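I am attaching a structure below and will ask some questions about it afterwards.
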Amino acid sequence: MAYSLHFGAVWASFDKLLEGLALGLGLAVAAVAIGTVLGLVAAFASVGPSRVARAFVSAYVSLFRNLPLLVLVLLVYFALPATGIMLDKYQSFVGALALYSGAYLTEIFRAGLISVPVGLREAARSIGLTRLQTNLSVVAPVMLRNALPSLGNTFIGMFKDSSIAAAIAVPELTFEARKINVDTFRVIETWMVASGLYIVACAIIAALLRRLERRFPKF
Amino acid sequence: MAAAPLLSIRGLTKQFDKLEVLKGVDLALAPREVVSIIGSSGSGKTTLLRCVNLLEEFQGGEIVLDGEAIGYRTVGGKRRRLGDRELSRQRAMTGMVFQSFNLFPHLSALGNVMLGLRKVRRLGRDEARAIAETWLDRVGLATRGDHYPSQLSGGQQQRVAIARALAMNPKLVLLDEVTSALDPELVQEVLNTVKSIADDGATLLIVTHEMRFARDVSSRVVFMEQGQIAEDGPPAEIFGAPRNPRLAEFLRNTRT
Amino acid sequence: MELFDSFLQQLWIAREALWHGFMLTVGISVASIVFGTLLGCVVALQLTYAPLLLRLPFRIYVDLMRGTPVLVLILASFYIPAVIGLSLSATEAGILALSLFAGAHIGELGRGALQAIPPGQIEAGRSIGLTFPKLLAYVLVPQALRAALPPWINTGVELIKGSSLLSIIGVGELLLKTQEIIGRNFMTIEFYVFAGVLYLIVNIALDQFGKSVERRMSAR
């Protein structure tokens, strides 16, 4: 077996890989942004007074943390059209990933909410802030800052999960890599470069995150 | 009391599950009075305070602040707790300073004092800032407005907390063991601040362990024991000639 | 109810395929968890207790695995063996990828659990004369197990979810079988939902199992 490494074929398409990487990042950003809103609403609901809301959130979290993301994506992309909602590949994937990340973020935010000292809430109430004002002006900002590391890690996870978009032919990094693999037969090189790109991207994001955490340390 | 009382607590009872913590408390404060509440832990003094600013519910009796019954209303014979907005409005009429400061960590000292002014009193940013700066100056922290709680000493944080409570222009200020969590050398600066506020004419209800301070600053001292007020009188009487035997014992044990 | 009846009909027709797919999913997950745990234990011990030179390769392995998406691992495991002279079936490639993935994650969580043990435990064990292997067996690992259990169950759940990705390389597990069935009868929503429900049941059951073991451990 003589396999000599020739990276030429892979470098030729390197720009496609980079575009795919950027697309993956974009998908992750969009999904996590939506997921954060979902997670915040759900987290507050889960510590709120309504038993129905709490049960609903619990079901949502259970559902989307235990379903494989691929099944979710396929459901949204292939099955949803039958109900009349037509989403393209990108929207389907972002929607599925948003629901998926929302479930994880709900748990993170919920833990964050519980760890906000009661005294802060009481102080806010004492100066006359309503429950809503207290949540918006005091609890959420403190909680989000404390949850920053977990939020960041979830983002990195979702970025890696963006590779699953390849299954519905979204031209992100993994999809492009597989194309190059199939076209050029430069198997080892392709996957070395592809995984290298993911690893470097994740490392950069993690480093940026740590900087952010240092600037905004936990309370 | 010639003038109408600012605060009138009548027959206040409160239970935590099955445990009776307040067993019928009657207390009245006139405007500009400074009343200190002393007693051993578990006597219910902090709970009493927290009932006045509606952080706790109470099952029986009533609290009337400046003529308005707070916390509950009677609708068709049934006693109902007021809704969130009503409660919030009433809470803004009292100010509370906590043992553990409870400053908002994500806001500067100025931001802490301004929050209530902007969100509750709905003042504009410049007006709120001006008022906040005045109050920070009042507690001796004019130069620390942009500092965050983590950059302030305990004594400074507590003074910001006092400014935060006072900036809302409350009718009554509640102070819950405000020096108990402070390092000894920082206690005096806070006590001085409280004294100067009392001298300005604020109405204060203070729960404290600091007997000397209670004697110096109060117009009246109240001794609580097992959920009830056991003795109520001027400092000279309470500390000099206590009538209640348990008060005498308490004072012996907390010799200052 | 007509739609439901025809779904049940199709379900009955497809029962063997679905059963095979489900069994393969379970089999793959179990195999990966077993290999992954064995590998993970070695990794965890090396990362926690080995000297720097020995730790390094394991650190690199873990960081590589954790920075790479599972799907990329799976695709790499699928395409690469052929060119280096190894002949692996798609299923074997899948199990390889998932095991390597699991090994890294379990290694990390094991390291976390071991490092969380107060150093005083090692000192106490040493002072009664325990050798390191005995220390590990009787003092360290039992304590680490308690902390490691929930994330380990989590990894198991991730593996079951990850097994669905093997459909992309043609392994006939539950998801692929579901897609084949849908290709025949076009009952897209019904069968995807059905597959989803199966995954949910398995994962939730695994979660519950983990919680009950946790409870029994805390009771002691």
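General remarks:
By letter and in written order, the chains are A, B and C; residue numbering begins at 1 in each of them.
Here is the rule we go by: a contact is a pair of C-beta atoms (placed from the backbone, for glycine too) under 8 Å apart; a residue touches a chain by one contact, two chains touch by 3 or more.
Here the structure is a predicted model, which means the values were calculated and not measured.
Chain A has its Cα centroid nearest to the centroid of all protein Cα atoms in the structure. Comparing the centres of all chains, each the average of its CA atoms, the largest separation from chain B belongs to C. Chain A and chain C have CA centres that are 21 Å apart. With each centre defined as the average position of its C-alpha atoms, the distance from chain B to chain C rounds to 56 Å.
With each centre defined as the average position of its C-alpha atoms, the distance from chain A to chain B rounds to 46 Å. In chain A, no position touches at least two other chains. Residues 53-55, 84-85, 88-89, 91-96, 98, 100-106, 115-116, 119-120, 150, 161, 164-165, 168 of chain B touch chain A in their complex.
Of all the residues in chain C, the ones that touch chain A in their complex are 63-64, 66-73, 75-76, 79-80, 82-85, 157, 160-165, 167-168, 175, 179, 182, 188-189, 192-193, 195-196, 199-200, 203-204, 207.
Of all residues in chain A, only 1, 3, 62-63, 65-72, 74-75, 78-79, 82-83, 160-164, 166-167, 174, 177-178, 181, 185, 187-188, 190-191, 194-195, 198-199, 202-203 touch chain C in the complex they form. If you check the complex, the residues on chain A that touch chain B are 117, 119-120, 122-131, 133, 137-138, 141-142, 145, 219.
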